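Both complexes shown next keep subunit A, but they swap its partner, so subunit B is in the first and subunit C is in the second.
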Partner chain A sequence: MKRIELAIAALLGCSAIASIAFVVIYVGGADTQGLGISLGAALAFLAAAVLLASRRLFPDTPVAEERPEFARPPEDPGVTAGPAAERAEELAGEIESPAEAITRRRLLIAAGGAAGTALGAALVVPVASLGPAVADRLHRSPWRAGLRLVDERDAAVTPAMIGARGFVTAFPEGVDKRELAAPVIVMHLDPSSLNLPPGREGWAPEGLVAYSKICTHAGCAVSIPRSPLYPPRAPRPALVCPCHYSTFDPAKGADVIFGPAGRALPQLPISIGSDGALIAAGELSGDVGPSWRGTRGGT
Partner chain B sequence: MIRAVSFAAIAAAALAFATGSFGQDSATPAEPDAAKIAEGRQLYVEGCSSCHGMDARGVDEQGTSLVGVGAASADFYLRTGRMPLAEPGREPQRAQPAYPEDQIEALVAYVGSLGGPPIPTVDPNAGSISRGTELFVSDCAGCHSITGEGGVVVGGFAPELHQATPTQVAEAVRIGPYLMPSFDRNQISDADLNSVARYVDEAVQDPDDRGGWGIGHLGPVPEGLVAWVLATAALLLVARLIGERSEGRGPEEKP
Partner chain C sequence: MSRERAVERRGGFTQRTVRWFDDRTGSAGGVRKVLRYVFPDHWTFLLGEIALYSFVVLIGTGIFLTFFFEPSTATTTYHGAYAPLEGATVSKAFASAMNLSFDIRGGLLMRQTHHWAALVFVAAITLHLMRIFFTGAFRKPRDINYYVGVTMLMLVIVEGYAGYSLLDDLLSGMGLAIGNAVALSFPLFGADLSNLIWDGQFPGSDAFMSRLFIVHVLILPIAIATLLTIHLILVARPHHTQFAGPGTTERNAIGSALWPVYALRSIGLLFAVSGVLFALGGLIQINPIWQWGPYEPYQSTNAAQPDWYLGWLIGALRLMPPLEIRAFGSTLVPNPFFGGALFPLLLFTFLYSWPWLERRITGDRRLHNLLDRPRDNPLRTAVGSAVLTFCLIVFFAGSSDRIFLEFGIPYEGQVVALRIAVLALPVLIFLLVKRTCEELRRTEAHPLRDFPGRVVRRTPGGGYEPEP
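This part shows the complex of A and B:
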């Protein structure tokens, strides 16, 4: 019996060690595979310990209640001797006083406590990843009047680069391209089709419109520019988000015309500089990215 | 295909010499095959003119003008079976070509003779797979998905690219069929176009599938789903094994 208790304690100890390893890996750089393996091992060892305890440590033999015996045929005396009878007596003793049947109780309790505490720590530590409060970062954007638009290879964006039915993903020159508010999608529209909201006169020179590329629904990249070859027989130009198919009308200030987005994409006023390259003529018209408390409804 | 290319080049060259506006599309000057163009004209009148007009300048709200679209468009739409449409206004979708090879050549020669860009020449082997991946990610994958499985553009479909030949990829990039944006040489140079064609040729049409099973090449969502289904089955099996009473200790075996 004692060997089983020791095995259970060892399994619980291994679980505790794996949980501690999870915490160590998390603090030391959070290697994803390492985190997965250590947490998986902690849970597997715990499961093995519980399994072993339930199957081998606690008596689970069903015992029939005593009842008056029917007359036993004299030729069958029942089991009165041999290993089976000894086992039955031993079991009866265990059931009478289960406390004595399990030895090393304190060791098991200590091991179980260690495993539980370590696992709890492993589950709580990742809370540190929540990071600092968001504060006003949702309202900030790198776009300022006068910043040049560059493509992903830092080449200045010119109207010729975009073509009549083309598009370009542009970023503010000299700014980290991974910033949420940095990418804008620039596309060419027929200037006569433009119907921008009041106050945006001159924001779209030569029919070039620039909108934040981050969807206002869930923050995906709005990477589907719809650009009809034969407008009379095809859907009108649109910007479509591939995640949930929010569809924006670039001729009307990127108003939502389909899908779950709650507000228009922020527009970037642009102008054509003296060297022919596109430059920002101001800041984005609204907050970039998914709608949070305080941003939904604003454009 | 080579003959079609040469006809298109001839048509473009003829136009270039006539107007002087296609100087960069210089092709080997040769006699245009008048007979082929006449044959194409005949087929055009029979099969295309009701929507595109007897003079190929389009019919209001029916079909676009074909003057200036060039051999590239005619070759793309006819060889991928997207034209003729069953009725005007339908979304052009890939199908079996409606015309046999020699008739497609004649139609392409005729539309090419009206002016416009020739069939682009593209050589995937001259392209770079890494540059192609970069371009495909930024300009193509939004609609066609990174594995080229295609997808939905609200109001239309982005086709899957498993059957697209390098020439058709190049044509589509330059034309921008239906709802697709078009990309001229300023945005995707001819060298870059080779790279995009190589990406489609290798990564889309002949993927590695290092995991052994592509699961439709639809990306991490179906892959995760398969993992969940397998893991759930494994967990149920384990639960069953744990829950089973060990032999010899069940109530039936009680002496």
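This part shows the complex of A and C:
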């Protein structure tokens, strides 16, 4: 017994030392590892001391305690009678008895229900203040014919730049880059491999295609241009979203070739301006980002 | 000296203190009853306590963090100890989280401990739920408390998501983008829902960040703490459950009294849990936001993993085939609805309705204070195992991008294989578990402890003889 008391005292002493070490480390530069190990050790020594006390210092003889009786436990098959059941019945009687004086009970219950429901609805309505009306804002896009394409640093995007980097994330000039419909990914494909949907003739000058960079599945940025830039290099170029691996075929209008996305990435028709920089030749072919009930451009 | 004063001075420190309180509150009788409260013992009973103590650590470290964190998407120029981002334009939320990590003494310890505690918190709750489910502890009179517990699980998952979405680093932003897609995907009202939460189109206005903050530091913690209080009262009221053993009946509880053995044991556990959490927070890096960088909607990163308790949702979003229900030129059900909303809704509907379902199936409406062993109810154990298998496979799909990067196993192949497994394996597991339970019940063998065979010994001549 005495040895255990000594051991507990030693553990408590170690805990105190570790706590002091924590303070010392905090004052002297506050190294995160040092803080963690000292505080962790202080608590661990304390835990060891307390647990040792509970295990060895006091006798742990099992004690039996009667449970409060809620209803008849399964040893007695009868369900009614017994003090617990009576208790509940007495309470129910006490709650109901004043209401016996009421004659048109159903009318009052119906009226009360109507008042309660209406008040509940009235209290919920202010939730609508949280956001502006949806209206057309989800369809909105800053892209218009004639807008120049610029990169993250506002430099005009040129075919040479895409040739050098493989692909470029571009934005409409002068527009907030955080707007969801703003970023497009521009990449160069072999013009003979292009098989764009009908009606998109001339949208890809010199094999340059531009698609919205926001995944039509869950709204992440489609930032992996798979093959030829990054492995796996087969079978042909694809745009991959790293969140859920929706995979789009840029040669075929960014149709979904794998993964959970339900529709193609919207395409931006582009042309090459007289100064050699890329400009938008129209608007995006569909709604940007995740689908909702009013999504346009589904295929 | 008056007589009153003489009485007040009698006895040692404990006696005087107790008398002081009892004179003012009349609580001595009640406290005495509490000290004698009996806790039956089993190692799985500790899981709920680990969750409770992780919550204590979360509150403590969380309060520290609120003193420094600034929930604002307004931009500022970063100046701080982390040189690679010097001069970068970042949100105030990101900048203040960076300062917490690099410039405030003990800030990184608190931030990382908070994050680790959140992971352990949800893990302990999940394991606790599994214990409750597989031992039938949710039966009358504890079914109300089971509903309270399942509700808390739902709230803490949202709370954790809100927490790591606050930092406005690249991973938070990607997580919020996905959350927004799930909100948008609700049929009919999805667009309005997203619009109300984000105050406009994603990534939303500055109001969104302060809303998220108040939800994370006030609304959900209060909701969780309230439910936690109800949970503990409803545990203590009918007293703890226990496994059948010598002397146990439906009417008693056998174990250690609160004072002194159980109190010391539980306080010891509090120190042990917080010790481990602070050691983890100090020693093992978690969520290094400076490596992810600030969020821009046009950026994302490969092989990013969310906190573990969201892995099943990201997995479900990945496994879902590209189905999107359209009619009359409008989208009725966008794809993220199936994995991100329908799957969790179905799972929680299952959890909420199981006590009722089991009552319907077995016709057992009696009170139960003695726990089942998993084998005692083969159907429940088999159904639970099948649901768990389904969730685990979906969870596994959430990490398939990491497996692709680490081991080079093609992503597409993994997803196709997992789509098959997620349909086939639960059925297989259901049959296997049901059969095993029935067999164990028949033979009364312990699957791990008992050895049903006979031990033989090899003789020098090469033969075998039974061990004496």
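Operating definition for what follows: the second predicted complex is superposed on the first by the 159 of 299 C-alpha atoms of A that agree within 3 Å, B and C clash if a C-alpha of one lies under 4 Å from a C-alpha of the other, contacts with A are read in each partner's own complex, and residues count from 1 in each chain.
In this section, contacts are C-beta pairs under 8 Å (C-beta built on N, C-alpha and C of every residue); 3 or more make two chains touch, one makes a residue touch a chain.
What you are looking at is a predicted structure, and each value in this text was computed from that prediction instead of being measured.
Undergrad: Between subunit B (first) and subunit C (second), which does A:252 come into contact with in this model arrangement: first, second, both, or neither?
TA: neither
Undergrad: Of the two partners subunit B and subunit C, which one touches more residues belonging to subunit A?
TA: Of the two chains, more subunit A residues are contacted by C.
Undergrad: Can A:104 be said to touch subunit B (first), subunit C (second), both, or neither?
TA: neither
Undergrad: According to the stated criteria, A:261 is in contact with first (subunit B), second (subunit C), both, or neither; which is it?
TA: Second partner only.
Undergrad: Is A:200 contacted by the first partner subunit B, the second partner subunit C, both or neither?
TA: A:200: touches no partner chain.
Undergrad: If you stack the two complexes on chain A, which partner ends up touching A:128: first (subunit B), second (subunit C), both, or neither?
TA: In the superposed model, A:128 contacts subunit C only, not subunit B.
Undergrad: So, A:162: does it touch subunit B (first), subunit C (second), both, or neither?
TA: Touch status of A:162: first partner only.
Undergrad: Is A:225 touching the first partner subunit B, the second partner subunit C, both, or neither of them?
TA: A:225: touches subunit B, not subunit C.
Undergrad: Thinking of the overlay built on chain A, is A:238 touched by subunit B (first), by subunit C (second), by both, or by neither?
TA: first
Undergrad: Going by the contact definition given at the top, which residues of subunit A touch subunit B in one complex and subunit C in the other?
TA: Dual-contact residues (subunit A): 51, 55, 60, 62, 64, 169, 221, 223-224, 232, 242, 245, 258-259.
Undergrad: In the complex, go through subunit A and note every residue touching subunit C.
TA: Within the complex, subunit A touches subunit C at residues 26, 30, 32-37, 39-44, 46-48, 50-51, 53-55, 58, 60, 62-75, 127-128, 130-134, 137-138, 140, 169, 171, 177-180, 182-183, 213-214, 217-224, 232, 241-246, 256, 258-263, 289-295, 298.
Undergrad: Per the contact definition, I'd like the list of subunit A residues that touch subunit B in the complex.
TA: 51, 55, 60-62, 64, 79, 84, 88, 152, 158, 160-169, 187, 221, 223-230, 232-235, 238, 240, 242, 245, 247, 258-259
Undergrad: Which stretch or stretches of subunit C touch subunit A in the complex?
TA: Contact set of subunit C toward subunit A: 36-38, 105-106, 108-109, 112-113, 140-141, 174, 177-178, 180-182, 184-185, 187-188, 190-192, 194-203, 211, 237-239, 247, 249-257, 260-265, 267-272, 274-276, 278-283, 296-304, 314, 317-324, 326, 330-332, 334-336, 339-340, 366-369, 401, 410-412, 415.
Undergrad: Considering only the defined contacts, which subunit B positions touch subunit A in the complex?
TA: Result: residues 60-64, 88-89, 91, 138, 141-143, 151-156, 158, 175-184, 186-187, 242, 246, 249, 251, 254-255 of subunit B touch subunit A.
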